[in-house]
Each structure stands twice: as C-alpha cells, then as structure tokens.
Amino acid sequence: METVLLTGFEPFQGEVLNPSWEIARTLSGETLANRFRIVAKRLPTAFSTAADELYSAIESVHPRAVICLGEAGGRTQLTPERVAINIIDARIPDNQGAQPQDEPISQDGPVGYFSLLPLRPMVEAIQAVGVPAAISDTAGTFVCNYVFYTLMHHIHTHNLQIAGGFMHVPYMTEQVLAKKAPGLPLDLMAKGVRAAVEAVVQSFPERPTLMC
Amino acid sequence: METVLLTGFEPFQGEVLNPSWEIARTLSGETLANRFRIVAKRLPTAFSTAADELYSAIESVHPRAVICLGEAGGRTQLTPERVAINIIDARIPDNQGAQPQDEPISQDGPVGYFSLLPLRPMVEAIQAVGVPAAISDTAGTFVCNYVFYTLMHHIHTHNLQIAGGFMHVPYMTEQVLAKKAPGLPLDLMAKGVRAAVEAVVQSFPERPTLMC
Amino acid sequence: METVLLTGFEPFQGEVLNPSWEIARTLSGETLANRFRIVAKRLPTAFSTAADELYSAIESVHPRAVICLGEAGGRTQLTPERVAINIIDARIPDNQGAQPQDEPISQDGPVGYFSLLPLRPMVEAIQAVGVPAAISDTAGTFVCNYVFYTLMHHIHTHNLQIAGGFMHVPYMTEQVLAKKAPGLPLDLMAKGVRAAVEAVVQSFPERPTLMC
Amino acid sequence: METVLLTGFEPFQGEVLNPSWEIARTLSGETLANRFRIVAKRLPTAFSTAADELYSAIESVHPRAVICLGEAGGRTQLTPERVAINIIDARIPDNQGAQPQDEPISQDGPVGYFSLLPLRPMVEAIQAVGVPAAISDTAGTFVCNYVFYTLMHHIHTHNLQIAGGFMHVPYMTEQVLAKKAPGLPLDLMAKGVRAAVEAVVQSFPERPTLMC
C-alpha cells in the first residue's frame, strides 16, 4: 500500500474551523484504487513551524503524492494551484503573530515552481462528480503559498519521487450561514477532493509487473 | 391534511434547469407536522401565462400557504423576499420573448406588498439546518417579482386566508461547475427550503380542538 | 429663482467622509437652466433626527424638487432608486447607536412609494456625461431608505408639489485607495449628479407665459 | 534624455477601446524629472506578433525602463504585477483567433520572473495622487502575462539594463456606463500611471557626475 499525504491547515483569523483540514480528516484513511491510502496531517497556519511539520510528515509516511489544501475564502470552486512563488507578503498576521512583508521564502530558490499534479485532469474529475472546479493562477503570498513553495522546493532539492501540489477550497457552508460569501458543504468538497486525488493517482504510470 | 403550495419556474435564459423547480419537485408530496402536504407546481417564466397558472393551482389545491421560489444567479444564500413591488422592468426577454419596460403589474394596485411569511424565523430555521440564508430587500423587476406581486395582490383582493410569499435561491452547483459563480447543491437547498416551510407552518395558530 | 434641495449624509461606520455630502456641497449654489438654484443640506445618519432636519430644510427653502443622496459602498454606478419601503431593519447602529430591527417607518403609511423623479431620463443623462448609472430596485433598510420613505410620505400626506426621490452613489476613490472596492472620483460623481438634476428640472412642464 | 517605454494593447473581445493603450498614449511624450521621456507603443493582442513588436520597440528607443500596461476588467485598482509565469492558457481567442492551452512561453525559460519594478513605491505613489492601487500576484495566463514574461525573459537573456515590469488597469468608465463592473476615468488612471512611472525613475541610482 502506498501513501497520499493530504494536508490541511488549522483555523486562522478568528475562524473556528478550516475547511482544508475538515476535508483532509474526512478523507483520512480512505483507500484509492486498492493501492493508495490517504494519510491526513494538520499543519499550523504559521510561517515558523509549517515547513518542519510538513517535512516530518513526508519523512514519516514516505508519500507517493503530497496534496496540500488551504482555505480561500471568497472563491466558489475547488482550485488546484498552478504555481508557487518565492515570496512571503502577509496581509494579516499568521497564528503566531508573524507578518513578513516582501520577503523571499528561499534565498537561493527559483522564482517559482509549477505544480507537479495533473491540473486539468483534476479539474475534470472534480467537475465530473458535480463539484465546481477551475485551475487557479495564484496561491497568494501567505502561509498557503509558503507551504506550496516549500513543498516543491523540498521535492526538487531532495530529488524526491513525489507528485506535489496545492489546492485551495472555498469556505464551508457552516462558515457563511449568515455571511454574504460563497460556500460549499463539507461532504461535497470532500467528494471533489477525493475525485482529484483519484485523478492524481491515476496519472501515475502502471508499475511494471515483476516476473521471475 | 392541509396544503402548502410550493412553486418553481421553468428554466430561462439558456439554462437547462432551474433550481427553483428542482427544489419544489424534490419536496413535492412531503408531509410536515403531520398536517401539511407540500404540492409542487411549475410556473412558466413568462409574464403572459404565469399568473393564470398560479391562480389555477391555488384554486385547485386550496393552500394554507403559498411559497413561490425563483432563481437568483449570483446570490450565495436562500433569501426570503421582504417586498413585492408594482413594476415590470425586464432586463432580458421572458420565455415568450416579452420584455416590458417600466410597466405597472396592476393599474390600481398599491406600490408594494410585504411578504406574509415569517421572514426572520424562516432565515433562522434555514441556518439551523446548515444552509446559508438572509432576508432580501428586492425580488427584482422580472417574472419573479411579477409572480410575487401577483400572488400578494390576489390574496389581498380576494381576502384569502393564505400565508403568501417568495424566496430566491442561488444557482445549483450543476450550473456552475465551470463558472466563477456561487452555487449550492440541490439536496442542501431542498433541506433549507423544507426548514423554511416548517417555520411557516409552525407560525400558524393552533387549531381549536373540536369537541362534541 | 426656484430651488432644488440636494441632501447628503454625514459620515458613518468609521468613515471620515461621506460621498453623498461631498457631492451635495460641491454642487451647492449652482444654477441650472437659469431658473433653479441648488441648495445643499447635510442630514444626520440617525433615525431620530434625520426626518426633522429634512422637514426643516423643506420648509425653509420651498424646493421644487428634493433629491436625497446616500452612500452605497460596493456599488459601481450612480443609482437613482425606484422605490422606498416602509421598514427599518438596521444591520449596523446609526450614528446615535440606534439599531431598530423590522420596524415600520410609519404605522399607517403604505408599504412603498415610487420615486417621483424621472428615473430613466436621469440614468441616460448621467451616462451621457460619461458616468456609470443604472436604476436600483432597493435603497436598503437603513437610514437611506428611511429618509427616502419619510420624504415621500411627507410629500404625499402634505400634498406638496415636489418632485422627490433618492439616489445612491458609490464610494469616492479617496475611500478605496487601498481597499478592493469600487470607487469613483468626486468630480465625476458631481458631474453625474448635476446631469441628473438637470434631467429632473427638464422634466417639469414649462410654466405658462403670463400675459396681461 | 533617457526613455521610458510604456506599452498598451489594442482592444480585444469586442471592446472598441483598451484603457491600457488610452493611458499610454495620453502620457506619450511627457518628460519626467527633466531626464526621462515617455515613449508609447501599442502592442497587438495576439501571441504571434506581440513579442516581435515589443522587441522592435525596445531596439528602437533603447529604454531605461519598460512598463507594459494591460486591461484587467473587473479589478478596481491599478495593480503592478509581481510575477510573470511561463505558461499560456487562453480562456478566449486572441485577436488572431489563437487560443493555446497549457503551453509554455519559453521551452527553456524559468517558471517565473519577478518584476524588476519597485512595486511598493509604485503603489504608494499611485495612492498618493488619489488613485486606488495594490500589488497583484497574478497577471493571468493570456497575452498580458505572455508579454510580461517575454519582456522579462528578453531582459535577462540579453543582459539588458532595463527596469521591466507590468501593470494591470481597470476598465475605463466609458466601458462600464451601463454595466455593473467597476471602472475609473482615463484622466485619473493616467495620473496614477504617471505617478508610478515617476516612482520607477526615482528608484534609479543617481548618475555619477562626470568630471574631467
């Protein structure tokens, strides 16, 4: 059994839940294609600790794919992100009060990394199960983009055989019951993310049959 | 068994479905509080025929309440409407090609009618089952407002004992799979509308116990 | 010389200026069509005092038209309002801390009043000078709608020969320099409102020439 | 006299004007800081020809800075772009009918280039003259991002001493007179862009005084 690591974030900015983590833990333990098991990991919404917790999780579960989820309040669709960029520019403080402005994530890293996930198949798979989806061209410049860039930089600098990438998700309906902002129910978003993960694992080449 | 008439509209403006009718027919035949049965009726999205079809339905099922539903693409919440106004001002043609501009609905009717439904209890009941809701202050000036005003004018001029009103609903997710517009899944909206109808029937005074 | 009374509101909700008043005072004293002078009056953003100050201004300047302006943050166009409704439902406290919910403005007044201003000619006149405009179907349920309804009720109950109505305006650019909300510059909005007032006075019937 | 090259695009998608070009030609010929003259150049909204026309203009005027402008309908602010990415993914056909999907701009170019312009000073300078502004994190994946990436790649691969970058601008009010979309008047946007260009040239190191 191989592993897909699915991360979500702890709540931030006064919210009591974060849909990215609710989705990840909903799917935790599920098996896909008789071959991949989803392992969920919650990351802190903090620049100082998120990277180390991500590295630990990767070291601990040796994943074939890592899909990090994050909340994008105001969006209406599940949005696999196209590109991570080498910048931190925090509009609000993170959960530890840090708010860096216009700082690089990595002093010697490249400007950007493209996602290693199959973006278009993911979007089509999500829509095929009835959930709105689109490719997004920006993951912002807060902790989401930071974790996305950090993941990609780690994969590239360590030559890891990991399909890595990031997907933003809208608010959960629970968060917008009395707010004029779009939201989707947890079960629907979990269904969409499951379909996206299936599209990811289906993009892997078949293993050679070992004969002796 | 008493009746609650729940109307929805046929699709318009190139859409292949209309969430208002999908919700109404989903709830059709349900019984609430052991006393009220929901009867669903689909209305044409046309100024020339919608009123007569509404009157026929009312005459046929003698409802205790009439709740008309309509699609409000772009909204994020179920929105019971506060007021119907005596105007038609069509931004697009209706399903028969009619597009009146700045015309009164009723030559001698009042400027407006307030909804007879318990708006705030409806909103709270919808939110209580996990569905976003808010009171809306405008039903627009197209067929939705036309049907709403027509219903209220009919109730008032015929002294009917009917709790009448209107509620707009967002797009269904099916309509926005690849579109940057908010949507909610049908089952969730049906759950919210059911809760709203329950709030309506709970607002009715208890019937006196008949003894002999 | 006849008078057009143009009102604006004092700032509210933490803002330091209110575009409605900035526009009104910019146009104050101007003469239109050699016959009408604009008199500007600032109203408090408070339910308890706005009406009396409006009545005083009307009594003091005997206007031929009264056009009340109000701020509608988030809108992109100048929007003459179609209808005032008999309800107060304050989402935020007014400038004196009052926040009535679901209360009628007038116990015995009608549900609504249509604007007495020529809405479509106003919109066309505003657009003709290069300023975005549209008719709006809701003035909300806060102090703006309150003043609008109060004005119309006063005109109708006192049989005044006054063309009365309301127009909402977007934020001024000064208010949104660093905010993702639409705004228009003061001079452009003043130009649009001037054109709208001209459309109003042009809608008056010519006075009969008095011959002896 | 040194040169600042300011480019704009021809209209596209059925529009009859493009604010980016209207702004550029408004500022054409202006002198800044007694030392820099603005040269305006209109680029085709087409993948096949935009790059060559940009290269020709650079070769012809030997600019010290190149600031490309583009229209971002729906935005409310002038938005200097942070990053160009190595992808074309056209949502609509360009002006020659081409609509590439998920193609790299440069086969061997990097994933992204950061703008070489002083983004934060530009934003502050724009706001200081009363025009809304913010840094943007995505220039999209259409011809705007294509020209931005192409410019940066050209500067880097040819080791040019050019401060290059891109700024998106909202619709002009003329485009949204009857449309519910945000717009700003041309003169205001030109004022903001002029302030941004001044911030760019002020960021250049003083020239050494030549003494003999």
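The chains carry the letters A, B, C and D, assigned in the order they are written, with residues numbered from 1 in each.
Everything that follows uses one rule, which is that a contact is a pair of C-beta atoms (placed from the backbone, for glycine too) under 8 Å apart; a residue touches a chain by one contact, two chains touch by 3 or more.
These numbers were taken from a predicted model, which means no experiment stands behind them.
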Both-way neighbours, i.e. chains that touch chain D and touch chain A: none
Chain located farthest away, centre of chain B as origin (C-alpha): D
Distance between chain centroids, defined by C-alpha means - chain A, chain B (Å): 40
Centre-to-centre distance between chain C and chain A (centres being mean Cα positions), rounded to whole Å: 49
Distance between chain centroids, defined by C-alpha means - chain B, chain C (Å): 32
Residues of chain C touching at least two other chains: none
All pairs of touching chains, each written as two labels joined by a dash: A-B, A-D, B-C, C-D
Of chain A, residues touching chain D in the complex: 82-83, 85-87, 89, 102, 110-114, 119-120, 135, 137-138, 140-141
Touching residues on chain D, where the partner in the complex is chain C: 76-77, 127, 130-134, 173-174, 176-185, 188
